[in-house]
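Let me begin by presenting the structure, written as structure tokens, before commenting on it.
A, B, C, D and E are the chain letters, set down in written order, and residue numbers restart from 1 in every chain.
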Amino acid sequence: MSATTSTPDLDTRPAAAAERPVPGGPVSGQPVPGRPVLEVEGLRVTVGRGRTEAVREVSFTVRAGEAVGLVGESGSGKTLTCRAVLGLPAAGVSATADTLDLGGTDLLGLDGPGWQRLRGSRLGAVFQDPGSYLNPSLTVGRQLAEPLRAHGGLNRTEARRRAVELFDSVGLRDPEAVYDRYPHELSGGMLQRVLIAIAVGGDPDLLVADEATTALDTVVQAEVLDLLARLRTERGLGLLLVSHDLAVVAEVTDRLLVFYAGEVVEDGPTAEVVASPAHPYTEALLAVAGLGDHRRGPLPVIPGHPPAPGEAPTGCRFAPRCEYAAEACTGAPVALLPRGEGRAVRCRRADELTLGPERPATT
Amino acid sequence: ACGGTTVAPSGSADAAGSSGTLKWGWALPTSWDPVFSSAGWDVHVLSLVYAGLTKLDESGKAVPALAASWKYDADGTRLTFTLRPGLAFEDGSPLDATAVKKSLDRGRTDPKSLVAPQLTQVKQVLAPDATTVVLELSSPDYQLPNLLAGKTGLVVNPKAFEVDAAALASKPAGAGPFSLVSYVQNSKAVLKRNPQYWDAGSIKLENFEVYPLPDAATVVSGLQSGQFDVAQIPGSQVEAAKAAGLEVQEIPSLVVAVLDVNTTKAPFDNPDVVEALKFAIDREALVKTQLFGHGEVNYQPFPKGYVGHDPGSEDLFRYDPDKARALLAKAGHPDGVDLTLTTTAAQGLPEQVQAQLKQVGIRANIEVIPAAQATQIVYVQHSKALFTDQFAGRDSAAQAFQVLFGEQGLMNPGRSTPPELAAAVKQVSRTPLDSPDYPKALQAATAVAVRTMPNVFLYSVPRLLARRRSVSAIPAFTVVQRFEGVKVG
Amino acid sequence: MSGAALPVPAGRAAGWVARRAVRTPRSAGRVLASAVTVFLLSSVLTFGLGAVSDANPAAAVLGETATPADIARLDHEFGLDRPLWAQFGSWLGHAVQGDLGRSWFTTLPVTDSITAALPVDLSMAGLALLFAVLLGSAAGIAAALRPGGRLDRVVTALCTLLGTLPAFVVAIGLITLVAVQLRLLPSGGYVPLDQDPAEWLRYALLPALALSLDAAAGIARQLRTSLVGALRENYATGAVMRGLSRRRVLFGHVLRNAAGPAVTVLGMSVPMLIGGAVVTERIFNLPGIAQLSLRAAEQHDVPVIQGTLLVTVAVVLVANLAVDAGLLALNPAARRAPSPAGAR
Amino acid sequence: MTTSVAAPEDPLLDVRDLRVAFEPGTPVLDGVDLAVRAGEVLGVIGETGSGKTTLARAVVGLAPVAAGRITVDGLDRTALRGRALRDARRAGTVQYMFQDPLRSLDPDLTVLRLVGQPLAITGVPVEERRHRVLAALDLVGLDHALADRRPAQLSGGQRQRVALARAIVTRPRLLLADEPVSALDASSRNHVLRLLDELRGELGLAVVLISHDLDSLAGVADRLAVLYRGRVVESGPTDAVLRSPLHPYTALLAASAPGGGPARHAELAVLRSAATRPPAASGCAFAHRCPFADAACAPRPEFRTPAADRAAACHHAPDWRTRLAA
Amino acid sequence: MLRRPVVALSLAVLAAVALLAVLGGRLAPLDPLAQDTAQLLRGPSAEHLLGTDYLGRDVLSRLLAGTGLSVAAAVEAVGAALLLGVLPGLASVRFSAPLAWLSLRAVDALMTLPFALFAIAAVGVLGNGLHQAMLALGVLLAPLFFRVARAAALGLDRAQYVEAAELMGAGRLTVLRTHVWRKVLPTVAVTAAHALATSLLTVASLTFLGIGVQPPAPTWGGMLAGDLGFLAQQPWAPALPAALIMLTVGALNLLADALQDADPAGSADPAGGRGSERPADGPSALRKTTEREESHERHHVHA
């Protein structure tokens, strides 16, 4: 069965491949720290036949070695944003942007083969439910070796050797045995490691991890998060991490984007945002999450529901649920304005309010 | 078995001009053993590989075949055949009187023989010398030379049935114009010219292939595309065949369409109803629609031109719906009558007959029975009142009478024969075929039969043969189709 | 849906069953048990069909001259005076040894008739199967490449159209066009494969094509549906994310997973191709099993009816086993089995 | 059904030495003991596949019990069969909330019918049924306007609340909630947890709450039971178990939760350090992953109670913590 | 659903056919059985809008009058199949393992029998008539319904909401009524539409072989088969019944496909939830009638 795929049908780039560092080995050609690997400006995503705007005006930058987190309630547009970056909009979804740049490559107007060259080499992704992203009838090793051969121009034995090394580098024990396993023979944690190995196999500049740890239990989740952190420092990888679990994001990321109803409502260094949120929604979110606080106590909630796409109010979208909402909040759309060093917030009353993490939200 | 397609022109010194292959779309036999063949139409194919003491000429008269001559004794109970000298079976073994005797005896005495009933009057067969065969009869019967031209008289090589009689079913052993090279059931039979045949000189075809008859819808395209050289076609395809550049021959045959009537079943237990039935049918219309005009209205079992055809019975029951209605009323059915018309294929004739009967108040309900069960249901159990049938004719006229009208007659479901008819038929059997009285006796019997018997004859069905232009005309044999003189190419 | 549904390993219990599953004695035994049971049940049905018919050999063989004594003699000769179960037992017993009795009508051994007819069906069905697979998968894949695109709509329309035509209309249409109008191929008849392969092909092309169109349409539709479905699955996205080309994703990943239902459809069309081609055989004058059995049915030749049905069932069962093996080969990992707990 | 009032200290749910095996020889639950009192929330935690769902399903009679006893309110549920089982179920004293609300709610039925179903089955007349359904919806904080919607038209949190409403409409005494919040974002999660908390107060419910999420459990559970490979390895008051675990696995779990800080990280490093061996067939279930495992761990550990209300099944319970610090 | 043009068109065609089936005889301008030997196989004329057939009958009238019988025949076969297939299929879910296995093998056995061959043989035994042929066809179609119903019911039997109902103490009938029936129905309807199409075609083919015909009452299949004998005279004649068959069969198939494509799980999930979560069993998993049944059956657990 394994004898069939012999020739990669893409342009193979043996020269480039040969230069690629072996995972775990000395990191060469590492991007200059701080060099942007992903620049997004004015991203808009519409869904459905009515082209309802589900994400609007999203701008952010991921630098080499930096981890950027996207947080927000369910349905706030985190996945749509990631998929737009990955060039994988679902059926009925379309994305436009002013800038969409991956380390110098303009992603806008990239054609099929262009995306192919990026994916599996400079762009990697991991999702929730890792098992479903692997072909159930091929061994996981073969699925890792396949892009190595297609993109890296390795031959069968080289690809296998490299794949085993990669498996080893993501902390899979007995990588030789894992190579010949089928997806259903591996646990969720192992599958997520396999996906990560595949994602970093092409030595990407950017790794997108959308809810990559959500279905895992805490022990495994912690292991996977550690792995991501390690890869980031070792390879200078830019990480875009999505989760609705603020605790996870707070622990892993450098920067934080808080999404609400398709908009970024707050943007800033994670530690600062967590310590002193500037937007009432961020504050509520922090309060609700109760970061790492294992004490009995009243459980705070944010009253009401986030609006469905297209049904958000014209003014501040959070206003109907905001305990600080005032007359001014409902009129015109609110702009995302810079606030201090490297921070921005989308709130009319940002300057008037003093918000804090410990302030419990309304019950 | 017999291998390959290699054409062997060996030993055909007398086969000057024989060549080519004729592909005939007809029907393959139920068995290649004439004694066990169970279908009437098999005789055409069996006659390709077997020969009889006699054969029938184009008009149906017995003429010499293996026997160069024959003669009856004075009281008609002893028939002596004189064989041609030097006859041989296809495998080369001699065909002498002993062989003929063994073959006839097998047909008479084999417990499963299907021809035995036709030979019941033969007391014994003698072979006094190599070329003389004597049949001793229990009663005078001048029909035997005719009868022996058919399946009953086809001579089978004793060597074959003495060794393995069952093998004959797929491997004929005869002395006919052709011999079988290969046979695939339901597919085709490949024959080659038999140089040993007594009349091999008149066989101009080197090879002969027989195929099952194709569907009416595709037969013409089969001929056009060269799948067949000759094939029987239905009347509806005549125009198409001609349009496709094929030659179409209309050969008169003994086949006649007929309704079998069971006079023991109501309402036919009343003779007036039977007569009403005869008048109620518009045979002209039937010929027009069923045969597309290629055929003739007929009120009797024999076609025009055959010795048995009675000129006095032409137009006997000309379509007369009023009379039919009157007869029905007379029979006590003024408001019409209900009956069941049994058939094996409902489309066409039965539909039309049904519609015609409706005109005179006979409400016929069509019932379809499987063709194979027809024998059992209609002929053996006599359980049906009215059945659409076709009579294929017989080699001997007396035999035809027996089948149609005899007390044990297959197509006489009522199982009764009026004495005057029996007498007339007896007279036929007792009249030598070459006697000048013979036609008169036969026609008299026909006249009695059509007036006293319930069978409703409808029309004669010609044998419609379409052929490619490369094939010379097919001789018009009324009873058994023969291919003497036919050429290809 | 196939005959002996081979137990496709599924569920937690089978989670560990990997590609060696095909060869484990347990599943092999189960497959065999299934196949044998199906065969037995089919043979009961087949035999029962003859048994409930009131047909008897006397009617077929003796015809017009039958007397009650004759009928009784023949019934005895054919063993019809024994109890049904005994008849069934000896019939099946002989059948598995290759003896299907003798035709009532021609007195030829049924086995011989079938042996003569079967190659016709097998070679024709084989060719038709080839056509069906080639045409069907080409059309199905082409349509799935761009769901809703022009090609997709053309293929779908064509499949729908083919599905609405009775088989004989297709066959006669092909004859009229190819054999009569274009005079490319003969309109009917048959030359055995072992006699002259080239001639065989000339004769077989048209009927095989007529036979295959329906199956091809079925395969195309099924393949298209499952391909489109599979392309939406996460693992297809996963393959795309690995930077594989569309072609590679389709052929290397999606096709093998999506081919299952199409292969099943293929398996289901085997009975149609082998025994169900009555109309095609009739129109093209092929001396196959279906013709044999149609004729036998018309003549109430019970041994032949039973024999042809039984042999067809056997062939179909074998074909089904092949399909099942094919499915397993396509899908060695017994997909959808949830990951066994504690595998770390 | 026994109606004799149990003494308050008597547990409402009492599971003794429960053994569940889907296939003979490989038990999924192996000697589980549990007790929950009325008005108490017992949190069950453990890694994927450790048998949490199976435990809950065994209690309601959906998993094959190989050995052991499950009594609810003094009635042995394992002994019930046929009619008696159906009658016990119709009484509605025990309710089970499935792990996945979308799958356990018939997509074709409206909220009204879904929640009313247990009442319909017991033959409650339509009017009363409607009344009680709306009351239940009120109790879980769902708008009456949602009563005519179908599951697909609800948000995840709303669905979870519908499932909860269906569970409490029969006024149960015991509720088994299988990961009721794992599919929800933090706000919705807290909504549901608060509801559970309120209900046990108002209805005197005993709740078994299964979850991965330590935060959730910390919020509402009075006591915790930690499951590992089909065995309860530790149990005790929530706070105490999470702060000072007696079992290394519990410690690993607690330390793995995000947001722990540097101290936790050091602890984690030690706890994870063991090289994985294949799990032993007998003895301590955790030994193969345990950094403290040694020859002493070969026999199966007893369930010991070093302090009041606390218990752990670990041979090194008294001393591993010191080795951790070392 | 209704707004999709394919569905609307199919339904329109089927409604027209149904109307014809009911009213066809009354709409016929002439007596469909009246023969006129003076006008055999004529082309269209003012008197006979679609010409006459081989017995001079009015083709238009026959087509109209034939609708009823053709449709009734197909409905008869499918009705028999439904009866013989669906109920046992639903019931088989509760069979004991050996009985279920045996019933499946029996169904397999029926399915391995080649369709046409069996129909021919059965008609030979039962007698040659439309009803007999349809009954035979019904028997052969029944396994399809058995499989479909069983698969659907099996999937549902494992569905959590059925388990939930059992936990409430619901009896089997209640479960069947409230949960199973409605989910099985669409699948059965899809299969029935396909089966109707199949039986219309099969009737036509059998008629061509001379099986199951009942003249003079016209049927589409009968007319089509009959007309093929007169291609030389009227090459276009078979096109008329063929077109009716094609239209009806096509409409049925398209409708079935559309029903199948309407993915119930695909309906919008307004509240978001997590994108990839979808019920793994439930009706959407039952859509493929060709799907193999899982070999291992559910553990029946009643502690």
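Just so we're on the same page, a residue touches a chain if its C-beta (ideal position, glycine included) is under 8 Å from a C-beta of that chain, and two chains touch if they have at least 3 such contacts.
Each chain and its UniProt protein: A = ABC transporter ATP-binding protein; C = ABC transporter permease; D = ABC transporter domain-containing protein; E = ABC transmembrane type-1 domain-containing protein.
Quick caveat, the model's predicted, so the values are computed rather than measured.
What is the touch distance from subunit C (ABC transporter permease) to subunit E, in steps?
1
Name the chain whose C-alpha centroid is most distant from the C-alpha centroid of subunit A.
B
Going by C-alpha centroids, which chain is farthest from subunit D? Tell me that one.
B
Let me have the rounded angstrom distance from the C-alpha centre of subunit B over to the C-alpha centre of subunit C (ABC transporter permease), please.
So the centroids are 41 Å from each other.
At what distance in angstrom does the C-alpha mean of subunit E lie from that of subunit D?
From the centre of subunit D to the centre of subunit E is 49 Å.
Could you state the distance in Å from the CA-based centre of subunit B to that of subunit D?
A distance of 91 Å separates the two centres.
On subunit E, where are the residues touching two or more other chains?
124, 228, 231, 270-274, 276
Could you tell me which residues belong to subunit C (ABC transporter permease) and also touch two or more other chains?
In subunit C (ABC transporter permease), residues 13, 55, 172, 234, 282, 297-298, 300, 341-342, 344 touch at least two other chains, as defined above.
If a residue has to touch 2 or more other chains to count, which residues of subunit B qualify?
217, 370
Touching subunit C (ABC transporter permease) in the complex: which residues of subunit B?
Listed in rising order, the residues are 5, 30-31, 36, 38, 111-112, 114, 117, 166, 169-170, 184-188, 211-212, 214-215, 217-218, 221-222, 224-227, 370-373, 375-376, 379-380, 410.
Quick one: which bits of subunit A touch subunit D in the complex? Just the residue numbers, please.
These residues of subunit A touch subunit D: 73-74, 173, 187-188, 216-223, 225, 244-248, 250-251, 284-285, 288-302, 305.
Given the complex with subunit D, which residues does subunit E contribute to the contact?
Interface residues on the subunit E side: 159-161, 163-171, 174, 178-179, 182-183, 264, 267-274, 277, 279-283, 299, 301-303.
Which of the residues in subunit E end up touching subunit B in this complex?
These residues of subunit E touch subunit B: 33-35, 37, 40, 54-56, 124, 127-129, 210, 213-216, 222, 226, 228-233.
Can you list the residues on subunit C (ABC transporter permease) that touch subunit E in the complex?
1-11, 13-14, 30, 34, 37-39, 41-42, 45-46, 49-50, 52-53, 55, 160-161, 163-169, 172, 222, 226, 234, 261, 264-265, 268, 271-272, 274-279, 282, 290, 293-294, 297-298, 300, 305, 308-309, 312-313, 316-317, 320, 327
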